[in-house]
Amino acid sequence: MDAIILQILNGLDKGSAYALIALGLTLIFGTLGVVNFAHGALFMIGAFCAVTVQRILTLSYEVVDETQTDFLGNPLKVKVPYVESWFGPETGAAIIDWAVPLAILFAIPIMIAIGFIMERGLIKHFYKRPHADQILVTFGLAIVLQEVIKYFYGANPIPTGAPDVFRGSFDFGVLLGFDPNAIIYPYWRLVYFSFAALIIGGVFAFLQFTTFGMVVRAGMADRETVGLLGINIDRRFTIMFGLAAAVAGLAGVMYAPINSPNYHMGMDFLVLSFVVVVVGGMGSLPGAVLAGFLLGILESFASMNEVKSILPGIDQIIIYLVAIIILLTRPRGLMGRKGVMED
Amino acid sequence: MSKSNFTRRGVLKTGAMSAGGLALPTILTAASHAGYTNAPTGSTVTLGFNVPQTGPYADEGADELRAYELAVEHLNGGGDGGMLSTFSSKELDGSGILGKKVEFVTGDTQTKSDAARASAKSMIEKDGAVMITGGSSSGVAVAVQGLCQEAGVIFMAGLTHSNDTTGKDKKANGFRHFFNAYMSAAALAPVLQKLYGSDRKAYHLTADYTWGWTQEESIAAATEAMGWETVEKVKTPLAATDFSSYIAPVLNSGADVLVLNHYGGNMVNSLTNAVQFGLREKQVNGKNFEIVVPLYSRLMAKGAGENVKGIHGSTNWHWSLQDEGSKAFVKSFGTKYGFPPSQAAHTCYVQTLLYADAATRQARSTPVALRKHWKGLNSTVSATARHCIAPTITSASKMFWWCAGKKTQHPSSTFLKWSKSHLRHRSPMPPITRCLPVVNWDHVTPAHNRAA
Amino acid sequence: MFGLDKKDFNLFLVVAAMALLAPFILNPFPTDSALAQFNAGYPDLMQRFVIFGIFAIGFNILFGLTGYLSFGHAAFLGVGSYSAVWVFKLLGMNVLPAIALSVVVAGLFALLIGFVSLRRSGIYFSILTLAFAQMSFNLAYSVLTPITNGETGLQLTLNDPRILGSSATADGSIPVTNLLPGLEIRSAYDLVIGPWSFTFNVGYYLCALFLLLAFYLSVRIFRSPFGMMLRAVKSNQQRMHYTGLNTRPYTLAAFVISGMYAGLAGGLMASMDPLAGAERMQWTASGEVVLMTILGGAGTLIGPVLGAGFIKYFENIFSKINDNVLHGWFAFMPDGLEDFIVTIIHPFIGKGWHLTLGILFMLVVIFLPGGLVEGGQRIAKMFRKKSEGTDTHVDAKHPAE
Amino acid sequence: MGILEVKDVNKRFGGLQALGNVNLSVEENTCHAIIGPNGAGKSTLLNCLIGKLIPDTGSVMFDGQSVLGRTPYQICQMGISRVFQTPEIFGDLSVLENMMIPIFAKRDGAFELNALSNVFGQRDILEQAEKMLEEMNMADKRHMHAASMSRGDKRRLEIGMCLSQQPRLLLLDEPTAGMARADTNNTIDLLKQIKDERDITIAIIEHDMHVVFSLSDRITVLAQGTPLVEDTPDKIKGHPKVREAYLGETA
């Protein structure tokens, strides 16, 4: 029982990342009709926003310490971050410690700007082009973005820790009457899940309750009619692209402490998130979120030893297997609309 | 009218000289195994450095490439000469290999067998490389090694930790400097026993491919031999990025040690996740919960940041070693690039010098001659034991462990004293007298690297 | 001629000339010159050009004609490779049975996957194929290791039975692949003319012959009623149904044919170099053939071959240019300028070849929606305009071009 | 006994009764029009005839055989062709190729793997296609990209494609919808010509009364999913129920 609760937690957590990326993909697809293969790269750039903020906060000057030597036997140059010299060592260290949450503030304008530039500079010209062209050009863009990141940050993962208060894990088991240590879950992952829930809720509320959101939803359903009403739907779609980029970016920022960011993390997520979107049904926002959590949970269950001993290797293929089964039983995924991307 | 295509460059030069522009059909014997491909005929000799330049191991590849460039510089008499000056033998005098200037070509393995072979082939077929070296995974090492065997050139493996590279998949032309999973296990076991006692329960998470399996097998065997119990062995998909669902059940399994048989990105993520779950702060069976990562790489471990503190693993080499050869290498590498070399860099540097040394001594760098040269050394081990013990894993006859004696005879300074019986795969676990490759990861986050 | 009309026959002649004269065309620079770095006329790369050309031609029969975008085609190439290597292990080192088996096995595998995947269309189809291929890859890398040898890749050993050949050669090594007894795949002949040298390799010419066959068949398919039906599927499935045509067997046949092409490519790959790695089945490998086809010009006859050559050239030639080479090229410049230029170019070559490729993808897609073929047509048109002035509509009879 | 017999067909979509007890009989070699206000169930009925929808109850017999449970292509092979509201043609193909495909389908059946013969090497098919293009007055457009033609031409091509299969029953779904007056008249002339020159049964769904009255021999008026009345055009014109239910609205 405790093992199952644990895997549900894991699944929700994995599902949060899938759902956030899939949500952004679907926003772009549903509003603009563009298949964005660069979406994983946006997630990756988000994570690197966290890295960058950490780098900026740890910008240092060097003090030569004669009493110590470096690996070559020269006097050791000790790096002192500027923030520590400005605010004193303790406050300075605390600021550095909070790099990832601070990065959220930094990432929002950056990601929206990147979204705008991408949409106005590139994607705009591809609305009327075949989906294959869209895939190719955004895939090219994804490669370019990740290579640029690799050029500046290297190929190795870069550790980006969560603030100290979030270290360690929370013992759920005790709350539920299990033995201590039976169900523990890291604080930061709980934060991630809550954050994802907040963002997903926020996006839905925004689309549901604001006039802007209503126009966009109408535009998703029938772009021409809304255009005929004299509403500048294009500009709203640009804003939606910025929003989708911000969602992917924030998902990336918050993901940085879970797994150290590296330049190819976007590609790692890309294929999975496409599977999620399609399983959810092209163009359906609730579908994307539902499928994200569903696949996350199934993936977690598949990695349990009890399951693996019956079906060896099932955790290797579970997502794809489920995708196949769902697509064969429900032609348009869980909640897909008819006629979207079917030809 | 047929001959092996691998002899292209050699033929081409002679052909161009003798025939002066006429078509010149040539018949040669098949160059396969006894043969010798790409014999240098001009004033230069070309080495092929085949390292991952794209993909997740690109940084490791970049470090390997730095080491290769340094080695070439030293062989050609540039720089401070690095390790060369610490050799008792003065065969390598800075005039290249056998008086021929060393040139090199580079390629990208992408850490994929296919791409690595394509790139190695292009070096052999197009650039006339006489030796191929490099790589960052066992799969690539085995694939390229097989190719070099067919092509009749020498392969000096880069980073490869699988037992199979020089065991099941061994090839006569393939030579290895890097240690293997078996040796990791042999080195680690006594240290783990000392640190954590002999009554432990281990839980293995293992990358689900051949290297992971060999390591799991070796570590489990070594730890079980000293009394540990293996509670569970769980395979994790190579493509996994989030290991939470594999780590979550560990605490409930009754295990008190987690062994992560992962490398590269897998290792960084699984370790980060394990620490996230707070495993290291827990007590199980009345003991502190411990994590072990048998194959440690400083370069990769940087990705896990602070999480590596207090975790033990084994490494082939570390820059803080104080023998002459290591010191000389660290000094020239550090002076040139500003940071200490990784174990991958060390292996690649040493492999290049080893090749050059053997080739020089043997006067002709044919695979056969090289093999004889090294075999000769091995057979004289007992006679010259005070200089060096260069035992090989006999079944995998290409393993070099040059031991640092007082007069270091050979470029690789290592620190293991293996007796011949140690190195037989199936032999019972021998005591290891002095064992440095086990490092506490605390010590390898040097202060000057803090912000890097 | 050969059932082709004049225009197609001319195109075929051009391809044949390119394939047969490749050792000359790809080695335009003298061997010892600085530009020899750009020579691509060595056997391995020439073989790759041709093999991936075959793969892309096959993919184009599915994607270019029917518009079904398969994201899992690499699985068929991988399966082809594995079958061929197994033939070498069990049967003997002659490549022809191995190639034949790889085509058949890949065809059966395609039949299975196609039968299921083609129940859906559009992106749902793409994801189904992707899922099948990724499952094949993941399993080949792990659970199926006894059949695939996992990470290392399936390779030959001295213990293989090889019932129609020998397990080992007289000198104790693994035998090499051959076309006929005594004619090894790797045999080559060097032609040296002045400072130039050209290599003629048995393996390459075998691949080239298969390419010509594959290309010829693809032209025939494009011009056949079957090919027209496939284009009709892409154009309007609804009308197909209400014209009394069952689209499923058409798409399935196209899927299987293109799977067999992929199997042929896989079999040839294994014949040139008897090793089959699981990475051949990864989604990136499937993506690569999609890129090749679109980059060259989907739906055109020659486009896929051009796209395959383009990408493989970058992968193999650009990745090998390092700073050292750059310094060699610009050595004639004053030091400061030399360093400056090397610094500018540095991010785009060697380990930066992915970046260059990504930028080129984007440029081609943005400015040449029809791929490289459209680029070629535009250039041709420019010349034609200069010489003739007007006539630009000549292609109406061949909308697929 | 008509060539097409629809008996007691019911079709519900959730709570909506789209068709209720529809009975219809189309006599061979006549033109039968089905009219009715929007939402009367005309399109649903048509879709039940061609296999796109399956009725909940009832039967649809064509020439003595049930069409229910058959796929659209099988129904087409039985001899029913359909012309759509918006012309459904193969836009990416040339006009000639468009015309050849149905002829291939007629000759070779639903599937034929003739991958190695040349399209244009099939003399008989080429001749038939050319002939049909002549009849449709489109011979000069044979190499045009089908998508680049005017709507009227596309309609003409679509009708030609259907006729080239020599169907026994031709279903027309608002063939003149969205057309300019000139195009509409052309289409009417074309259909008249077809009706006069061929042994063919036509069932037509149409809004435009001008078209209906100039073509049809019999008319069924559908309202709220049920046939209101069926009679000859002249009678329908004066029928009070029809005026009330339908013509009244449009007048």
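The first chain written gets the first letter, and so on, giving A, B, C and D; residue counts start at 1 in each chain.
Here, a residue touches a chain if its C-beta (ideal position, glycine included) is under 8 Å from a C-beta of that chain, and two chains touch if they have at least 3 such contacts.
Bear in mind the structure is a predicted one, so any value in this text is a computation, not a measurement.
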item	value
Distance-to-centre winner among chains (Cα means, whole assembly as reference)	C
Chain A-chain D separation of Cα centroids, rounded to whole Å	52
For chain A paired with chain B, centre-to-centre distance based on mean C-alpha positions, whole Å	36
Rounded Å distance, chain B centre to chain D centre (Cα mean)	75
Touching two or more other chains - residue numbers and ranges from chain C	138, 141-143, 354
Overlap residues in chain B, where contacts from two or more other chains coincide	58, 62, 208, 235, 237, 239
Per-residue multi-chain contacts in chain D, two or more chains	none
Interchain pairs in contact, sorted by label	A-B, A-C, B-C, C-D
Interfacial residue positions of chain C with respect to chain B in the complex	31, 39, 42-45, 48, 138, 141-143, 145, 149-153, 155, 169, 171-174, 176, 183-184, 186-195, 197, 199, 201-202, 273, 275, 277, 279-280, 315-316, 319-320, 322, 324, 350-351, 353-354
Chain A contact footprint on chain C (complex, rising order)	63, 67, 69, 116, 119-124, 127-128, 130-132, 134-135, 138-139, 141-143, 237, 283, 287, 290-291, 294-295, 298, 347, 352, 354-355, 357-362, 365-366, 369
In the complex, chain D residues that touch chain C	50, 71-74, 76-77, 81-82, 84, 88-94, 97, 100-102, 104-106, 108-122, 143-145, 161, 165
Complex contacts: residues of chain A adjacent to chain C	35, 122, 125, 129, 131-133, 135-137, 139-144, 147-148, 151, 271, 274-275, 278-279, 282, 312-313, 316-317, 319-321, 323-324, 327-328, 331-333, 341-343
Residue ranges of chain B touching chain A (in the complex, touch as defined)	55-60, 62, 208, 232, 234-237, 239, 241-242, 244-246, 248-249, 251-252, 265, 268-269, 272-273, 276-278, 281-282, 284, 299-300, 302-307, 319-320, 330-331, 334-335, 340, 446-448, 450-451
